[in-house]
Amino acid sequence: MKRELILTSEPINEASLIARRTMSGGMGAVVNFLGVVRGSEDGKTISAIKYEAFDKMVRHQFHLLFDEMEKRWPIESVRLVHRVGVVKVNEPSLWVEIVAPHRGEAFAACQWLIDGMKRIVPIWKKPVA
Amino acid sequence: MKRELILTSEPINEASLIARRTMSGGMGAVVNFLGVVRGSEDGKTISAIKYEAFDKMVRHQFHLLFDEMEKRWPIESVRLVHRVGVVKVNEPSLWVEIVAPHRGEAFAACQWLIDGMKRIVPIWKKPVA
Amino acid sequence: MQVRVTFYSYFKELTGCGETTETISAAADLGALHEQLMARFPKLATMRRSTLLAVGVDYQTRDYVLKEGDEVSLFPPVQGG
Amino acid sequence: MQVRVTFYSYFKELTGCGETTETISAAADLGALHEQLMARFPKLATMRRSTLLAVGVDYQTRDYVLKEGDEVSLFPPVQGG
């Protein structure tokens, strides 16, 4: 399984990520997820979210999740980009892509990965008023 | 709910579809699905799939699915592009996008829509050797 | 009464035609039309149980009563995606 | 024995510092270190049940026995995405 993990303070460039996608002939499904900063958090209007990451542990925990994904599903490629630092409202903070033979496993793995991230990957949010 | 449905014999241009995306401040999740023609069908190597569509009924049935989606989930936008005619191996035949406030409903709706399509939308495949 | 019938996908191969016009008795239902078509195109009968029936752009069940001008479609299970 | 402790997210506000060094008895476990830190930084105790504990880049449970040079992290529930 190909893996790409990017933690970045730069805006997520979907178009360039998609342009770099490679997939082999046996692959029939690509699922992309984009998480976007919403204009309110806990009912309060915000202008941005500041993401803090325990960088080294983030990388390690994501790779533990990738290891487990690889055991569970026949995935060819996983790519994940997470912003750190200040992300303005309406900007994406997370981009995930799964390439797999069939849609069932692509959807399952993508959702499982995001759920796993929200459980164990040490990233925190702080609303910016 | 915004709806866009395209049946086309032209290649699917993901980059331009993504560039045209609009979403309001309350939206936090975008799920994209890309279905790609695989190199084999029922164990035989193929070079392409020819898609036949009962055009008018395809449009009607998709809109019935969109109506139902709108009742079930708070979706802001659904866009779906399906190729007709010959689609070569490794080329996408289907592109779907759901924009919603949260990821749960975006994933659920996207999968439900594809399942619904495979149940009722009159499109057929013919492998090309 | 006459209705126009269109076949899709490999039903065109089974019948040897894409479209036909079928004469049916007044108040015949879709089930009766299907039987008549299977008698005329015996290969269609091999798909009896998995045939989908539509009138216009909507699916209909076998007890749908046909009206003058109805456009009927017969096709195998759909396979989009 | 001394261990380095790092706080993340609003634990930094609760303790008023991002990093500290804590002196612990030999063979103390992570639970004992947590108790010691809550005694030193009382506001940490409000988060007692939801505190996550890591040594290096791995989560550890309270019965993990600390070793010289361990880098311990304390933080609230994670919120990526």
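Side notes on the structure shown:
Which chain is which? They are A, B, C and D, in the order written, and residues in each are numbered from 1.
One rule holds for everything that comes next: contacts are C-beta pairs under 8 Å (C-beta built on N, C-alpha and C of every residue); 3 or more make two chains touch, one makes a residue touch a chain.
The model shown is predicted, which means the values in this text are computed figures rather than measured ones.
Farthest chain from subunit A (centres taken as the mean of C-alpha atoms): C. The distance from the centre of subunit C to the centre of subunit D, each centre being the mean of the chain's C-alpha atoms, comes to 72 Å. Distance from the subunit A centre to the subunit B centre is 22 Å, each centre being the mean of its Cα atoms. Separating the CA-averaged centres of subunit A and subunit D is a span of 27 Å.
Annotation for subunit D: residues 81 touch two or more other chains.
For subunit B, residues touching at least two other chains, in rising order: 35, 103, 114. Pairwise chain contacts present here: A-B, A-D, B-C [touch as defined]. Contact residues on subunit B toward subunit A in their complex (touch as defined above): 14-15, 18-19, 23, 25-40, 89-90, 101, 103, 106-107, 110-111, 114.
Residues of subunit C touching subunit B in their complex: 6, 8-10, 52, 54, 56-59, 73, 75-76, 78-81.
Contact residues on subunit B toward subunit C in their complex (touch as defined above): 35, 51-54, 56-61, 82, 93-94, 114, 117-126.
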